[in-house]
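Going by the order they are written in, the chains are A, B, C, D, E, F, G, H, I and J; count residues from 1 in each one.
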Amino acid sequence: MGANEFATDGTIDSFENQHPGRDYEIRFDAPEFTSVCPMTGQPDFGTITLVYVPEARCIELRSFKFYLQSFRERGIFYEDVVNVILDDVVAAIAPRRATVTGDFHARGGITARVTATHPQA
Amino acid sequence: MGANEFATDGTIDSFENQHPGRDYEIRFDAPEFTSVCPMTGQPDFGTITLVYVPEARCIELRSFKFYLQSFRERGIFYEDVVNVILDDVVAAIAPRRATVTGDFHARGGITARVTATHPQA
Amino acid sequence: MGANEFATDGTIDSFENQHPGRDYEIRFDAPEFTSVCPMTGQPDFGTITLVYVPEARCIELRSFKFYLQSFRERGIFYEDVVNVILDDVVAAIAPRRATVTGDFHARGGITARVTATHPQA
Amino acid sequence: MGANEFATDGTIDSFENQHPGRDYEIRFDAPEFTSVCPMTGQPDFGTITLVYVPEARCIELRSFKFYLQSFRERGIFYEDVVNVILDDVVAAIAPRRATVTGDFHARGGITARVTATHPQA
Amino acid sequence: MGANEFATDGTIDSFENQHPGRDYEIRFDAPEFTSVCPMTGQPDFGTITLVYVPEARCIELRSFKFYLQSFRERGIFYEDVVNVILDDVVAAIAPRRATVTGDFHARGGITARVTATHPQA
Amino acid sequence: MGANEFATDGTIDSFENQHPGRDYEIRFDAPEFTSVCPMTGQPDFGTITLVYVPEARCIELRSFKFYLQSFRERGIFYEDVVNVILDDVVAAIAPRRATVTGDFHARGGITARVTATHPQA
Amino acid sequence: MGANEFATDGTIDSFENQHPGRDYEIRFDAPEFTSVCPMTGQPDFGTITLVYVPEARCIELRSFKFYLQSFRERGIFYEDVVNVILDDVVAAIAPRRATVTGDFHARGGITARVTATHPQA
Amino acid sequence: MGANEFATDGTIDSFENQHPGRDYEIRFDAPEFTSVCPMTGQPDFGTITLVYVPEARCIELRSFKFYLQSFRERGIFYEDVVNVILDDVVAAIAPRRATVTGDFHARGGITARVTATHPQA
Amino acid sequence: MGANEFATDGTIDSFENQHPGRDYEIRFDAPEFTSVCPMTGQPDFGTITLVYVPEARCIELRSFKFYLQSFRERGIFYEDVVNVILDDVVAAIAPRRATVTGDFHARGGITARVTATHPQA
Amino acid sequence: MGANEFATDGTIDSFENQHPGRDYEIRFDAPEFTSVCPMTGQPDFGTITLVYVPEARCIELRSFKFYLQSFRERGIFYEDVVNVILDDVVAAIAPRRATVTGDFHARGGITARVTATHPQA
């Protein structure tokens, strides 16, 4: 079966949008995101939410899972996580609109949320 | 009694809107939606929400239940489920406005939501 | 005591708005609404919400309770319940604005919500 | 200590706004409001919410508590509770904007919410 | 390791915004805020929320934790807490936009929330 | 089809327990119960929960729905509702154990719950 | 109608238990309880829960509402509220078992719950 | 990789319990269960929960997923679903203890839960 | 007024139990507890719950608030906080039974709860 | 400061129990647990809960965090995760009693929970 036809190497794969005549919205919620704090070397945890309106291509969900897993060993700040994911999504599928949000677990008693949108309003 | 007068064959049946002079909104939430993933053959699950403003006709709720059940054995992607339902609703009753949302259960730790609206804003 | 001075016969009674110079909002939530399905003869259940801005008169709450109870034996569709209540409220007190929502329990696994507003936006 | 320097007699006391150059919002939620139904003599219960933007003066919280307690033995309708509190707040501190909401417990199975705003939009 | 390279003395430290070309939002929720009531000498408790869009610099989260801890022994009113934090954030990083909210625990049965935004709308 | 083979006249119908060798538990939650207060003539509302261990026979769910609907026009106190349902269940299927609970909506600001079990512990 | 046949003067009225052969449980939840703190003169608020197994008599719900209202102007400590209500219930209906719980709102940031049972275990 | 080494044909596969010296508990919650009502031919939905203490063998999770999917086209009553799953689990791994619960969606406004345990207490 | 007649110096004050003939339970929930971590010097936060059955004396609530505040500047481990409070309660009022629980906020992504009871079971 | 005096290498460190005369309970909830599925190589996620009664030694919380992090790259089944942690806790501090629970995220639509206790009941 074709379960292997999409990328599992951490790149965001895509398929053709079957409904390009309509401005419709797709949202993925990924509560199993984890990366590494570049200052302390400790793991960080959070939920990544992607909301986008496709143009010619849609993100293939399974490749997106592997893409998010590629952050598991990566030292990166919260602000960069969200901006990098947004940049990669835009590079992969050139959506009409896209917003990425990261909701990160409390550190020092403080939770953080970062949200970035393309294109600028 | 007339419980059988509407369709049970998977087509969306309708009745005459008794209040056409008013722009009012009808919403159905159907948490028992299930279809089949065309890539893996595994069942998918989700909640379909339809919100519409009727023009001349309203959707008959019981026929809509049978219509949604017609997806039970059908291999179809999330993005297509929502767009196909919206197309079928528009074809059946030509509403003033309609929005269909599909909230699908987590696969690979990621939940998906697709939303489409007619007509385009 | 004056507890009997308002209607208990199912008509919507009212009293004079003491603050007509101000556009203020009144909301009633009635989760004990029940009527009868005209197709199956089975009871339906739901919550009726009325939000309105009074003009010269306000709805007397106790009479509104009896008014809603008058649907208990009445065979009526969801779409009609909401539009009829809105019409009756408008006829009774001619409010500046009014919205009626009916949130009905699941039938066949699907819940329904109908919302109507006066005047049209 | 100065805990007694503000009013405890049921009048709304105030202090000078230290940040008059900024339009900022203050919200009080008071879930222990109780008054008396003028028709039945029975106690009513609810939550009063005040949201305002101060001009020259801010409401002193402790005096506001005593002010709300002054309704405890007072026979007054829901609609009047909210409008009277708004009038008294406006008279006491002349805020740039103020909204008062009363969420009252169910009577006869129906809950009521009244909301009033100054100045008119 | 560099865990000590940012301020721990109660000043708000910052680092360079790596994505200045994009208007993106950062939110911190700090539910462990405590200060002292200047009237009674009793401790106050609340949650401080900061939402901002960075310009050239971002707030370093750990220094912000120490900054909020500097209020622990400080006698200060709710209204001042929020305005002072907003002023200090603006002074530290000159953000494009910033909003500070303080949600304070009930005193005398009444909870308080204060919200201030920079710049004025 | 056999959908009509069980009672719809308000009697509790049953079918043969296919697993009599095992002590297993069946629970029905019916949140759409309504009867009439014999003192005021006003409708009462509540949720009826039945938990039982079958002996030779199980309760047919659809007939139980019609049985509960038979209370719709009946004047009966809360305490009696629960004891009568328990008696009728015991008479209909002689279960090994059964418990009936009624959770009734607030009247005069007070909610009531009545629970009865057969046989006595 | 007989709505007035039970006490409204603050005594706990009762009616004959129709099911004395069965040990069944009755629970009342009264979230609108208010009394006065005997030390500060300030109002206290809480929820009173009564759970009992009747012997010969059951508590009439409406008289219980008036009974609880009789505490509205009464200066009494939390510990006494619960013990006094339990004593009064026992005196009024001599139940097989009874438990009274009072859940009182936060004072000084601390909530209190008092629970007493008759007879002693 | 060995992802295919366990059954996908609807039988419950197992692996050797690595900790047989300890009485420990394993719980699976499967909210995507669906079967068919044998009386109406309509789909049923529910959550199956299995709690067991293994003896020599543990249930392989992926084969259990396929096992539950084998009910998708099967006409079967609620009471039978739970007893059949319990019997199949006992036959497959002979656990020290096992309990199966089925929480089924509302039909006719009534939800049902069936619970069976092996061995009998 | 007598609001000052009890201790405010951090000792647990008490008053005579008016119902010594009955084994009844008193519970205080104090969500505003804060102390200092003796290893890092950073503030800790948590909720302290005390449940006790009084013998001859009851804890005066206001003095208990001041007692808990005495931990505000104290360096102490979670395990000690709970045991020390229990010891102090036992020393102050010699209750029939007492349990102290501390629910502490996440540190390093892990929350901690400590529970101690007197006397030993 | 002594923040480094406990283990950070993945071993469970401990300190002397200051209250050995009392049977008290300590609970840690760690929602940031992640390991790797040995069959698919994909990351697993879950919450580990440890509840124990100390004998001579208590678990040092920070070393426990590092201990749990040592599973991050480890291929291990759910059943083994829980039993291994329990074994390691018992080996490290020989508690009077200890229970470990792992609540793992849904895989294939099914969540799993494993619970093990020492010593056997």
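Simple rule for what comes next: a contact is a pair of C-beta atoms (placed from the backbone, for glycine too) under 8 Å apart; a residue touches a chain by one contact, two chains touch by 3 or more.
Given the structure is predicted, the values throughout are model-derived calculations rather than measurements.
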Q.
If over half the contact pairs have to be identical by residue number, which pair among G-I, B-H or E-G is the repeat of A-B?
A. G-I
Q.
Tell me which has more C-beta contacts between its two chains, E-G or G-I.
A. G-I
(Q) With centres defined as the mean C-alpha position, give me the chain B-chain D separation in Å. (A) 46
**Q.** CA centroid of chain A to CA centroid of chain I, Å
**A.** 46
Q. What whole-Å value do you get for the distance between chain C and chain I if each is reduced to the mean of its CA atoms?
A. 51
Q: Report, in whole Å, the distance between the mean C-alpha point of chain I and the mean C-alpha point of chain J.
A: 28
Q: Could you list which residues of chain F touch at least two other chains?
A: 31-32, 42, 45, 105, 108-109
Q) Across the complex, what residues on chain I touch chain E? A) 31-32, 34, 42-43, 45, 69, 72, 105
Q) Which residues, counting only chain J, touch chain I once they are in their complex? A) 1-3, 17-19, 22-32, 58, 61-62, 64-65
**Q.** Residue numbers on chain B that touch chain J, as the complex places them
**A.** 42, 45, 105-106, 108-109
Q: Spell out the part of chain E that touches chain D in their complex, as residue ranges.
A: 39-41, 78-80, 82-83, 107-118, 120-121
